[in-house]
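Next come two complexes built around subunit A: one with subunit B, the other with subunit C.
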Partner chain A sequence: MIQQLTKFERRFGLVISVLVAGAGLTLIGMSEDGLLAIHGTIILAAGFIAALLTGGTIHEPEPDAKRLESYYDDPIKFGIIVSMIWAVFGMFMGVWVATLLAYPEWTFDAAWSSFGRLRPVHTTGVIFGFGGNALIATSFHVMQRTSRARMADQLSPWFVLLGYNLFCILAVSGYFMGITQSKEYAEPEWYADIWLVIVWVAYFALYMRTLARRREPHIYVANWYYLAFILVVAVLHIVNNLAVPVSFGHIKSYSAFSGVQDAMTQWWYGHNAVAFFLTAGFLGMLYYYLPKRAGRPIYSYRMSIIGFWGITFFYMWAGSHHLHFTALPQWVQTLGMTFSVMLLVPSWIAAANALLTLNGAWGKVRDDATLRFMFLAAVFYGLSTFEGSFMAIRSVNALSHYTDWTVGPVHAGALGWVALITFGSFYALVPWLWKREGMYSSKLVEVHFWLALSGTLVYVFAMWNSGVIQGLMWRTYNESGALAYSFNESMVAMHPYYIARAIGGLLFLAGAVVGFYNIWKTTKMDTVQSSVPSGDGLIADDASHSR
Partner chain B sequence: MHKDERDPHTGYKTTGHEWNGIKELNTPIPRAILLFIIVTHLFALGYWIFMPAWPLGDTYTKGLLGADQKKRVEKEVAEAAMSRQAALEAIERQDYNTIVNDLHLMALVRENGKTLFRDNCSACHGAQGQGQSGFPSLADNDWLWGNSPEQIAKTIRVGVNADHPESRSSEMLAFGRDQLLQRGDVLDLVSYIESLSGKVPKNADSADSADSDGIALPKGQSIFAENCATCHGADAKGSTETGAPDLTDDIWIYGAGSDTIFHTIWDGRKGVMPSWDGRLTPLQQKILTLYVLGLNEEEQ
Partner chain C sequence: MFNLHYKLEKYSIRFAVAIILVAAVGGIVEIAPLFTIDETVEQDPNMRVYTPLELAGRNIYIREGCYACHSQMIRTLRDEVERYGHYSLAVESQYDHPMLWGSKRTGPDLARVGEKYSDAWHVRHLTNPRAVVPESVMPSYTWLEKDLRTKDLGQHLAALRKVGVPYTDAMIEHAAQDAYGQANPDSDAAAGVEERYGEATHIRSFDGDSRKTSEMDALVAYLQILGRLSDAATQTPPSAAPSTAESSVTEEAPDGN
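After this line comes the complex of A and B, so read on.
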């Protein structure tokens, strides 16, 4: 694979690897506490391995010039496999965290395995590890195909993917050791944050450079979504993580914001992370793989446009619905609430546009589990956005906030939308990329589908129930006007639902394991040269593959 | 590739663009969507008119309803406090004896005490007040600091070894660690103490432990009289003055068993009961006192 890089790229890669290793060494040298040294060591090791790989091939000949006539797919393959590894890891951690809520003693009395440390391992593992790698990998695929252009160079995609995974590893290993800046979904400390900025700028540049080489007159919607994802996440990440380290030898830093400004910045970030990481990016996926698999034109170009601009505009204002009834001034809450309600329309337009695209292909939805994954994802997307807008209404939020009711729709979105659209896209993409007849086993795709669906339903129903019961118990008064239930009693009432949730999660995890196995087996199958799968082939004659 | 095509299924034209095989139809926006947009935007507009909404420099639009979440919460908290006061003021006014004999008031105590107890006390004392290792049972009619309502109320108010200026204080000294006693002495004490609560020391009748056989108990007794009686009393029945527990019953704070007892005497103990003054109102403390007493009646 590395031989595919040009000599210049290999040399440049070696320089970057050495710089990374040097940065690791510097951190070790500056470290005033053992923790920074451990992370320095991880960075050093990463740089060292990358240097060995690039350095070892430095004298190999230049790659065949014919490669420029086809798309560059090696990093995409890598991204898919890594994404599936993160999926299994992150969901396993999810099941563990779910079990801890039902049986708190399962921490084995150790600090690293306490709930507070494992929970961000779960969220980071699934959102950034699984979701992030899936987004990067599919974006590389979609941007090349819809631009009919090969990626601008071969080094940047590797830098982006490997650098991004280094960030994820720093994040997750840090939580186990107790390193966190305690901002949800932005827990990693300053040095990891700086590294992510570098990686992200390279990602953005790569995307723009590839788009600039496009041979299509227009830019396809999926690209708008991917670009919005990349651009906005960069802005969010930089602003929310503005912080001053205690010293350059110390992992700890203090946020540039304090008090209610800090809370507002965090949830402006948190909500838009949901919007642009968990929504926009995956809509990009939906808008490419669904019509492709269904073989149908997008239902309405106009709906694509108002959906996209509506989502990007309204989401930006909605973050304050996470802070209803807090010290945040009421007028800010009003804006968050009303914009969330207006946001429902573009969200549903995006979902409806996808579902209506399936008109004329319902037979396929019935027979093809891969397409069914995508169909169901769009349905769950509609469902979770409906609930989101509903919960954003202040009087509803008064009941739902702090309860499992939030966790329910979160996972309707996370499992039903994010994970299902990813699995569906992977099942479509893997045979195209590896040039296989189809997936290793379409039965297993079917099995995965039912495991995922039942797991999601069990999870979401358990949380709706427990959330509403919790919310009601917390606001029930006795005749003397005092609270009727203690917190303790509400915990007892939650117990059966927590067990149900863990079982639902286990089903979902089992599905992911089956999926990983199936994908792995597919990569080991024979190549089919005769029938170039749709969506692949040479750049020059790609247009002739259109159906 | 600009060619107008008509999709046979929907009858709509495509936009003429194509990306890697994907085309788009030029379907107009459905009416329902426009309606939906109008409804949500009108809702937002209405809400802005009635509620605080848009910033204006250093102030904001207050809204026609004059809503203010801070004022509202203050008002609701005050109202709730007043309604509670009305319902519970009899408990505040009456003395302990009257309340205990008033079925209606005791029902109120149980109802409100349960939530208070479970929210504040059960983490240490258990949901039913049954206690756990290190935290005494409050339901066994056995009291470190006395069984009268006033004594219990004081414990709740000031705590034990707590940061309250009037806090009760008590400590079981670390006789072994601080080298006040030798290891052998401590072992003798363990046997002696176990015998007090009716346990036959493990080695009492075994042939090969002649030195401890029959000697340990009297020896333990005399060491006890010299070192321990000041707090635990000569009869080892404890004292509600020092908070030292009765060692003759089979009720243990830290659990039965020679190892635990050895550990207590060797390393000492200093349990902390937090002070609730300032965290719970006097009325709440009173309800808890009565509730805790009530736990013991159920026991009998």
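After this line comes the complex of A and C, so read on.
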């Protein structure tokens, strides 16, 4: 794969690798608390391996010029495999932490394996490891196909993917050691945050440079969503992570914001991580792979526009609904609630646009599990956005907040929407990329589909039940006007649902393992000789994607 | 409108700029005024800052991810006020970088847990939660007996001063000594803690072992100060509450009774 890079790219890659290794060494040298040295060592090792790979091939001949006539797909293949590894890892951690809530002793007697440290390992593993790699990989595919242009260079996609995974590894290994900022979904400390900014700038630059080479006059809607994902996540990440480190030798930093301002900034970030990481990016996937797989054009151009700009504008106001009845001024709470309810309109327009695209292809939805993954994802997207808006209403939120009722819809979205659209897209994409006739086993795709669906339903129903019961028990009064239940009684009532939730998660994890096996076996199959199966075109003849 | 868009989507840079502009509005309108509107945070001139020992305890609370299961934000709802105490005020977390309001109550709220239980109860509960609360699903924190790292606490205080917490030079200079003194009431260092942080500061051996200053000392010291840094909430009757929490408890009570 490295031989595909030009000599200049290999040399430049070597320089970057040495710089990364140098940064690792610097952190080791500056470390005052020991922990920074461990992360410095990981960074040093990453830079060292990259230097060996690029340096070892530095005298190989220049790659064949014919490569420029085709798309550059090697990084995409890498991204898919890595994403599936993270999926299995992150979901396993999820099942583990879920089990710990029912059986707290099912862990090791060690700091690294306590619930509080494992929980962010699960969230980061699935959101950033699985989801992030899936987004980057598919965005590389979609940007090239819809632009009918090869990526602008061959080095930066590798820098983005490998650099991003280095960030994820720093994040996850840090939680085990207790390195966290405590900001939910923004836990990594200052040095990892700075590194992510560098990676992200390279990602944005690559995207814009590839778009600049496009042979299509218009930028296709999937790219709008990927662009919004890249840009807005950058803004959110930088603002929410503003902090002052104790020193450049400490892992620890203190947030620039405090109290009520910090809470608002955090949930402006937290909610829009859902919006622009877990929604916009995956809508980009939906808008490309669903019409491709169904063989139908997107139902409505206008609905695409309204949906996109509505989501981009409204979502950014909605974060304060996480802070109803708190010390946050009420005018902000009310704004957050209002925009959350309005948000249902563009969300459902986007979902309806996807479902209406399937008109005329319902037979395929019945027969083709891959397309059914995408169809179900769009349905769950509609369901979870409805529930999100519903729970943002103050009086509903009074009951649901702090309970498992929040966890339920989050997983309806994360499992039912984000993971299903990713699996569906991968099942469409893998045979195209590896030039195989189809997946290794369509039966296993079917098995995965039903495991994923049943796992999601068991999970979500368990959390609905436990959340509503919990909320009601906390606010129930007896005849003499006193609180009827102690907190402990509400915890005992949760036990059966926590078991059910762990079983649901286990089903979903089993599906992911089946999916990984299937994808892996597909990559080992024989290549199809006929140019391109299923129309994942060549630059020269692929004109099917413009609007 | 759609014709305009038909043109816009031909230019990648313009499109990117449009995304940034459209997305920026919500955050600017909702966040910026929180820094400028004075009523956002109540005034409490008597509020004190965390002592170095409490701060170290807070950092252990963060390190162990306690915030994932325990909130520190009592909402303005009747049942919460009856269960946990006066609803939380903005001023009470004004020195919290970052805030630990939390989003989930797998365990109970801790905003006012300070002095609700004895130190010995906390130590037992943290070491083996099911020994005191059989139903608990909390992890056992058996690794908190080790010595607390105090030597760089001064740097921690200095960093917090940079982001706006009013630590004095003396506090920064004596941080490590104060951490030791707060958990060792019989030592010479104890007097300095009271001098710098006030008479109400808890100065005692929190883990019951005065031979060393452990992480357990720090964590319990932190838990025992929760809700007690400011008396803005306890002094003001709910009906005359400051303007940020304008909805009074009775008005906002849910249909629960």
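Here, the second predicted complex is superposed on the first by the 539 of 547 C-alpha atoms of A that agree within 3 Å, B and C clash if a C-alpha of one lies under 4 Å from a C-alpha of the other, contacts with A are read in each partner's own complex, and residues count from 1 in each chain.
Assume a contact is a pair of C-beta atoms (placed from the backbone, for glycine too) under 8 Å apart; a residue touches a chain by one contact, two chains touch by 3 or more.
Values in this document were obtained by computation on a predicted structure and should not be read as measured data.
Novice: In the superposed arrangement, does subunit B or subunit C reach more residues of subunit A?
Specialist: Touching more residues of subunit A than the other partner does is C.
Novice: Between subunit B (first) and subunit C (second), which does A:302 come into contact with in this model arrangement: first, second, both, or neither?
Specialist: Both subunit B and subunit C are touched by A:302.
Novice: Where does A:364 make contact in the superposed view: on subunit B (first), on subunit C (second), on both, or on neither?
Specialist: Neither partner.
Novice: Taking the superposition as given, does A:329 touch the first partner, subunit B, the second, subunit C, both, or neither?
Specialist: Both subunit B and subunit C are touched by A:329.
Novice: In the overlay, answer first, second, both or neither for which of subunit B and subunit C A:77 touches.
Specialist: Neither partner.
Novice: Which partner does A:237 reach: the first (subunit B), the second (subunit C), both, or neither?
Specialist: In the superposition, A:237 touches no partner, neither subunit B nor subunit C.
Novice: Who does A:521 touch here: subunit B (first), subunit C (second), both, or neither?
Specialist: It touches nothing on subunit B or subunit C.
Novice: Going by the contact rule set out at the top, does A:487 touch subunit B (first), subunit C (second), both, or neither?
Specialist: Both subunit B and subunit C are touched by A:487.
Novice: Mind working out whether A:339 is in touch with subunit B, subunit C, both or neither, as first, second, both or neither?
Specialist: Both subunit B and subunit C are touched by A:339.
Novice: Now for A:218: first (subunit B), second (subunit C), both, or neither, which partner does it touch?
Specialist: both
Novice: Which parts of subunit A are in contact with subunit B and also with subunit C?
Specialist: 217-218, 301-302, 325, 329-330, 335, 339, 477, 481, 483, 487-488
Novice: What part of subunit C is in contact with subunit A in the complex they form?
Specialist: Subunit C residues touching subunit A: 2, 5-6, 9-10, 12-13, 15-16, 19-20, 22-27, 29-31, 34-35, 37, 39-41, 59, 62-69, 71, 73, 75-80, 82-83, 87-109, 129-130, 133, 135-143, 149, 152, 155-156, 159-160, 162-165, 244-247, 252, 254, 256-257.
Novice: Along subunit B, where are the residues that touch subunit A in the complex?
Specialist: Residues 1, 7, 9-10, 14-15, 17-29, 33, 36-37, 40-41, 43-44, 47-48, 51-55, 60-61, 67-70, 73, 80, 83-84, 87-88, 108, 111-112, 114-119, 122, 127.
Novice: Under the definition above, what is the set of subunit A residues touching subunit C in their complex?
Specialist: Within the complex, subunit A touches subunit C at residues 32-33, 100-102, 104, 107, 109-111, 114-117, 119-120, 175, 178-184, 208, 211-212, 217-219, 224, 227-228, 231-232, 235, 239, 243-247, 250, 252-266, 268, 276, 301-302, 305, 309, 312-320, 322-330, 332, 335-336, 339, 395, 398-399, 401-403, 406-407, 472, 474-477, 481, 483, 487-488, 491-492.
Novice: Could you please specify the touching residues of subunit A with respect to subunit B in the complex?
Specialist: My answer: residues 145-146, 148, 216-218, 220-221, 288, 291-292, 296-304, 306, 325, 329-331, 333-335, 337-339, 341-342, 344-345, 348-349, 352, 359-360, 477-489, 534-535, 542-543, 545-547.
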